[in-house]
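As written, the chain order gives the labels A, B, C and D, with residue 1 at the start of each chain.
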């Protein structure tokens, strides 16, 4: 392992741990704040099952968007976890880029609430897609910087690196494609989001041998 | 101790610690967000003791549900703490299942607020019971996976494993039973929740010898 | 150092660290949630300095109660920090008591908001005093259990123990005394809270020699 | 390294780590709470793109202030991170001062929301500037105490110390200057905030040699 240069924090250092504590804090709060976006209904007759059922039924969008966003943020947290498990250290630039990445994670509860309230509105779907695509884009930037700055614990072969980039970029593509789709038909846009899942499973077949040892996300 | 295989994070690893940091973060936020569900009343004469007392009196349900949910989430945190203290490592599947478990923990502040506002409504009681039963169900799933995938630090005898499963499953039963009960009588449903406590104390008498060394929850 | 018994988590253990992570999480969230209690005013002419100044002026109580509560929660965090620095381990009972202690910490943002909105109302002052007294009372319970169960790292002499209990109990006394005082005159109650500070400074003079080596809070 | 005195917590101690965990928690929550300040609009026709676009357009101030505040809090976190990486330990006074520093960090979401709602109001701009200047002022106080109490890991030469103080003080100056400027012209005030960036880049040229090894912020 190379000696850490100036402004470079080793995997064992307090500073490395602190970046992760802060990162996990932002993830945990963003994912838990999602629930705040679900409003408690108010009904005239507080004991009426039917009235409450109607109100909750109107909020279906909020429940669906809570669980979609939990899955989305959870998936990014898993990918970040895998990414960090491959690092031998961090430099200041990576810490700065990670902060920008976290800005988009911390922003996600807003488009989630918007989606919950306007589940059929093309604009709220488009904004949600932009926000998620931005996070995936930053994931690519983080991995690219770590690769180029020699922060990965093992030498990653070029073929594996390119495949990893492709895997991280593919959600960007699906989410950006869903933006024009939302203005044609909102269900089409959501279908494109879900299409990303079988695509990733399919793409796993073309995976370079031993890629698992090095790759982010997936 | 077996050598950790691929995608398996040892108890001493940064990755193991990070999953716990994220988990504790979600627990801490979910339990602290409960207080946000208690609305500050607004009264015309801000200095009137009687008006404020009346308003706070109307909110009794909110206070009761805050403390019930604090006890419920706190109990799950204790059980998770005991569970983790028995692990020698985690695999990716356990991390994924843990994330799903956390989704239900993070959701709890919503049924809690609902219960606080509609304390006599069978539907809010039923929804609360479903949410809590889901968490207990996931607790069973986590323990089962850890047992089968050989992630426990010690070999657990089959009799102890079955007893542990029973203990984790019993709250699922009590909470699911309380759902139809709520539509008959809301107090009956709450009584069923409380009945779980003496049942667990009673069940402790049939506990297999030395079970304490291995078991989750309890 | 004694060998940790069953259900006893040593200072170096992952379990000990996890209790602290959870505790610090609850403290950090409770202290940061206080700001959510300060409402952003709405005014007809958004660019008018005078209107905004008037609105903010009406919210003086919110600002004052934010800083009082930050100081109160911060002081309890410091005391908890000192307390933990004296422990050689935790048992399950201490973890359970700590959870109850945290329930009162997590509740504090509510009486704080109440106080911010009803700064002249005897009832909101009384409720705030009850909440703070409960936290101090739990602090006493934690220290007492640690002392009796032999969880302290060093043998504490009886005279030092009694003095430490007195110091932790004194805020309970001042806050409980302020409850009837609030119904006579709200300023009198707040004066009693502030009186606790010079009292603690004064009491420091009677401190047993070397007490600093062992004591909580102060 | 000097032996830690009484009430002095070494870099390797649990207590040192706990202060950081609490600090990172407050930072993570404050930065993630910013999003709560962005209200989800309500429109009569929930599926209308135009109505939603109009509403979101009216909220431009909220989005801009979210990203400004994320950058501001992120920059302070980075500076705190650098500061802590230079400490060999903490004393109680530093922990107390750090708590006061965190009070101002935790307060930032309020002026941020205010700014988001009243982006053209001189008073909200002035309050935001006061809040940020207070954080920078506390940064100076922390660094000064660490320097004087011998808590820095390396002996910092006087010339480097003075330059570091200047760098931390410069945002205080720019933000305080922006207060009277806001009452003349709100754009002028924001321009002054942004002017701090090129100033810091320029000031980096006059940096004493090897200052990077010792300095906070920058």
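In this text, a contact is a pair of C-beta atoms (placed from the backbone, for glycine too) under 8 Å apart; a residue touches a chain by one contact, two chains touch by 3 or more.
What you are looking at is a predicted structure, and each value in this text was computed from that prediction instead of being measured.
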Numbering shared by both copies at the chain D-chain C contact, with half separating same from different: different
Chain at maximum distance from chain C, centres defined as averaged CA atoms: A
Between chain B and chain D, centroid-to-centroid distance (C-alpha), Å: 37
Centre distance in Å when chain A and chain D are each reduced to the mean of their C-alpha atoms: 26
Multi-chain contact sites of chain D, meaning residues that touch two or more partners: 21, 25, 28-29, 33, 36
Chain C to chain B touching residues, read off their complex: 6-7, 9, 14-15, 18-19, 21-22, 25-26, 28-30, 33, 36-37, 95-96, 99, 102-103, 106-107, 109-110, 113-114, 117-118, 120-124, 127, 183
Chain C-touching residues of chain B, taken from the complex the two chains share: 11, 17, 20-21, 24-25, 27-29, 31-36, 38, 40, 42, 46-49, 52-53, 56, 66-67, 70, 74, 77-78, 81, 84-85, 212-213
